[in-house]
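Going in written order, the chains are labelled A, B and C, and every chain counts its residues from 1.
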Amino acid sequence: MSMTAFLGRRLLQLVPTLIFILIVVFVLVRLLPGDPASAVLGDRALDADVERINRELGLDRSLPVQFVAFVKQVFTGNLGNSISMKIPVTQLIADRLPITMLLTFMAAVIAVVMAVPLAFVAALRRDRLEDSAIRGAFQVGLSMPVFYVGLILLTVFGAKLRWFPVGGYGDGFLDHLYHLFLPAVTLALSLSAILMRNLRSAIIGVVDAEYVTFARAKGLRANLILFRHILRNALISTLALFGLSIGTLLGGAVITETVFAVPGAGRLMVDSIYGRDYPVVQGLTIALAVLVSVTFLLTDILQAWLDPRVTK
Amino acid sequence: MTVMSVSRLRRLPRAFVFGAAILIASVIVATFPSAFAPYDPLAMDYVNLLAPPSAAHPFGTDNFGRDVLSRVIHAYTIDMQIALFATLFPFIFGTIVGAIVGYVGGVTESIFGRVVDAVITFPFLVLVIAIVSVLGPGLINMYIAIGVVGWVFYARIIAAEVKVQKRLDYADAGRAMGYTHARIVFRHLLPNAITPAVVYWMTDMALAILLGSSLGYLGLGAQPPAAEWGVQIADGKNFMATAWWISVFPGFAIVLTGLGFSLLGDGLAEILRGRK
Amino acid sequence: MTEPILSVRNLTATFGQGASALRAVNEVSFDVMPGEVLGLVGESGSGKSVTLRSLLRLLPVGGHVGGSVSWHGKDIVRMTDAELRAVRGGQISMIFQEPMTALNPVLPVRVQIEENLRAHTQLDRKGRNARAKELMDLVGIPDSARRLDEFPHQFSGGMRQRVMIAIALASDPKLLLADEPTTALDVTIQDQILNLILDLRDELAMSVVLVTHDLGVVAATCDRMAVMYAGRIVEEGDVTQVFAQPRHAYTRGLLGSIPQAGTERSMLLSIDGTPPGLAAIPQGCAFNPRCDFATDICRRTRPHLTGDGHRAACHNSDAVIAAGSPVKKALSHV
C-alpha cells in the first residue's frame, strides 16, 4: 500500500468518527439541565419570549429535524451564538482555542524533552540506582493531580519567587510563552511520566534485539547505534501512546487553565457549563473532538513515516 | 505466620508488597476514621483560625479553624469509596460487553471499534465534566459520568483477550461438548482473559482518585463541607501563600494512595507475567 | 604449516556476578586457518552461539568475556573500543540465524549496507552506492538498483539472508562468523545459501566459522569441526576423521541421530535426556548422565581434550572408537 492509499483510508475512517461525535454532542446538549430560554431571560420570563427564543434556537421542532439542521449548521461553520456573550461561537472558539492549543503543544514538547533522555538513562542503567531514582520520581509525579501540582508551582515560582506571572496570558508571542510556561510544565508532568515508562520498556526491548547486535557487529559508533537503531524503533510504539495522550492533555488543560486563570478554551468550557451556555459547550466539544481526531491522524502519519511496515 | 508463608511473601515483587501495605492501611483508616482522627472534621474553632502545624494540630487548621489532619483522615472514607465505586461499574459492565464482543466478533466488533474510536476522541475529563453538568454536581452523578465513559476501556481490553482465548483448543472442546455460548464465554474464556483487565483496574483506581479529587476541586464532585482531598485543596487555594498546610497535606494523601494503587498494579502485572 | 588467522585460548563467557554468575562458555580453545570453514556444533544451550558472539565481544548487557582471542597479533578481548570497532564489520563480520530480526525493520537495505561502508571505507557517496549495488549482485539479488531502497519485510526469507550476507561482506572481511545462517530457511533455500557462503569464501579468500546444530550442514560445508557440550569443546578434528571415527560418546550419539538416505529407520540412534542447564552442570564429564559408555571415572573427574589434530575429551575414547561410527555411508547426498 502506498502512502497515498494509506492516507486515503485513514481519512475515510474519520467520517464515522465525526458523525458519532456530532450525535454524542447533540444528545448531550439536549440533556443539559434547565431550558436555555430561561437561562437567557431569567426565571420570570414571559411565555411569549420563551417561545421566541426557542424558535430562534430551533428547539420547537422535532429531534431528527433539529439534528439535520444541526449537522447542516456545523458543516457551514455556523455554531450559533453564545447565549451569555451574544457573539458567534465560532468567533469565541477562534479566540480561545489557539491559546489551549499553544498550551497543549508546549506541554507536549516539555513532556518529550523530559521523558526521552531520562528514559534512556533509566533503560541503559536498568535496575541500578539511576533507574530506580528516575522511576520513583516519575511514579510520584504520576500520582499527583494536575491542580495540586499547578497550585504548588504557582505558589512557589509565581507568588513567592516571582519568577513567573501568577496567571493570565500576556501580550505578544514571547509574553504568551512566558505566561504559559508554568501551566505547560504542570500539564506535562503526568504525560512525561507515562511516556518515560513506556519508552523505557520499549528501549529495553530493543537494546537486546538482534538487529542492534548486528549493528554492533558492523562496528558502528555507539551514538549511531543509539539514535538510528535503538531510539527510532523504540519511538514507534511510544508515538502511538503519545497520540492517544493528547486527549488527556486537552482534558488536563481544562483544569490547568482554571488554576492559572488562562483565558483558553478549557476555561471557557467550565464557565459555559456553569453558565448553561449550551451553544458554546456544544461548539467547544465538537472543536476539541475534531482537534483530537486531527492529532490522531498526524501521529498515524508520523508513525507511518517512521515505520515502513505500516504502509508498504 | 508460618515459615513457609514468610518465604512466599519474600518472593512477591517489592512493588506488590509496598502497594498492598499502603492500601490495607488506607482501607483501615477509611473504615474507622474516627479511631484515628484527633478532632471532629467539621468542628470549627474560631480561636484557632489558620493555625500553622503544631503539637495540637499536626497539619494545622483551616480558615474555619477545622483540624486539617482530621479532615484528611476522614476524607479517606470518601476518596477510597470514589476509587472503588467509580471503577467497579465500568469494570463489571465493560467485562461483560467486552466478553460478548470478543466472542461474537464480526459486525458487533466493527461497531464496537467505532464506538471506541469516538470515545477516545473526546477528552475524557471534558466529557465527564459535561455529563456531570448535565446531571448536576455530586458523587453519585460523578460515578455515573465516569461509568458512562470508563467501561469502554475495560471492554476493549477484555475483547482483545477473549479473541485470543477463543482461538485456543479448549474453546473448541467446549463447543464440541455442546456447551451453551454463555457457558463457554463466562465459565471458560473469561476467567483466562480477565487478568489484564484486573491489572488495569488497579491503575484505574489510582486515576479515579485523581479524577474524583479534580472534580471535587472544580466543585463538581463531593460537596463542601464534606471532607474530600480535592475539596480541601480547593478550600485552601486562596491561602497558599499564607497557610500552605490546608492544601499541601491533602495532596500528600492523594499521592500516597495513588502510589499504593500503581505499585499494586505493577506488582500484580509482574506476578502474572511470571506465572506465564 | 600455515599460521592460524584466529587463535582462541581459554575463552570464557560469564553472565552475572558473584555467586549467581553463570558460565556459558568455559575454557574454549581453537584455531581458525586461512580459507577454512570451521563448524561449531552442538545442541541448543551448548554454548556454541555464545562462543561465536564472544569472539567479537557481542554479549548482551551483563555478559563478560575472558581468555584471549588473538587476531593479527592483537587480543580482541583486550582491545579498546575504537580498535574493536575497526575489527567488527571491517575485518571480522557476522551473520545471524533470523534475518527478519537481525535486519532493522525500519531502515531501507541501502542504509544498512552503506552504514557499514561509511564505518570501514573511505568511499564517497557515489562509491558507496556503486559498492552497495555490486554487493547485491555478488550475493545474487536481482534488480539490485531498485531493491536497495526497499525494506527488509519486502524481501523473501532467502533473499533477506542474502541481504544480510551482503551487509556483512561490505568491507571485505577476512573472517565470517555465521550463527546458524540457514536454520530459519526452507531446505531448498538452505542449500543455496550454504553454497553462496562457500562460493564467497573462495572468491574473497576468507575463513568461516559456522555455528550449527545440523550435522548434515557440517558434512556438506565444513573442513574441520568442533563439538560443544555444556560450554566446552568435547571433540575437534577434520570433518572426515570425526565422521569416520568419533572419539567422544556425545559426538557418536549426535552422528547417530542424523537421518541417512538408504538406511533403515531403526538405525537411527538418539541421545536420551536433555542437555544440562548452566546452573546444574554434572560433576565429572558433563555428559555422563546421558552417556551409554559412562564409567565411575566419568562421574568423578572431568576429562581433558587430548590427541593431536583430532582431539577428544572422553575417558572412554577407546570404547567409543571400538563401537565404530554410526555413519555407515559417506554423506554424499548432502
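We adopt the following convention: contacts are C-beta pairs under 8 Å (C-beta built on N, C-alpha and C of every residue); 3 or more make two chains touch, one makes a residue touch a chain.
Just so it is clear, the model here is predicted, and its values are computed rather than measured.
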Note: chains that touch chain A and chain C both are none
Two chains joined by the most C-beta pairs in contact, as defined above = A-B
Between chain B and chain C, tell me the centre distance in angstrom, where each centre is the average of that chain's C-alpha atoms.
-> 54
Centroid distance [mean C-alpha coordinates] between chain B and chain A, Å = 23
Complex contacts: residues of chain C adjacent to chain A | 53, 56, 58, 60-61, 81, 84-90, 93-94, 96, 98, 101-108, 111, 115-116, 119-120, 151, 153-154, 164, 167-168
Within the complex, which stretch of chain B touches chain A?
-> 114-115, 117-118, 120-127, 129-131, 133-136, 206, 210, 213-214, 217-218, 230, 233-234, 237, 240-241, 244, 247-248, 251, 254-259, 262-263
Which of the residues in chain A come into contact with chain C in the complex?
-> 126, 207-211, 213-222, 224, 228-229, 232-233, 236, 306-309, 312
Residue numbers on chain A that touch chain B, as the complex places them | 13, 16-17, 20-21, 24, 28, 31-33, 139-140, 142-148, 151-152, 154-155, 159-160, 244, 247-252, 254-255, 258-259, 266, 269-270, 273-274, 281, 285, 288-289, 292-293, 296
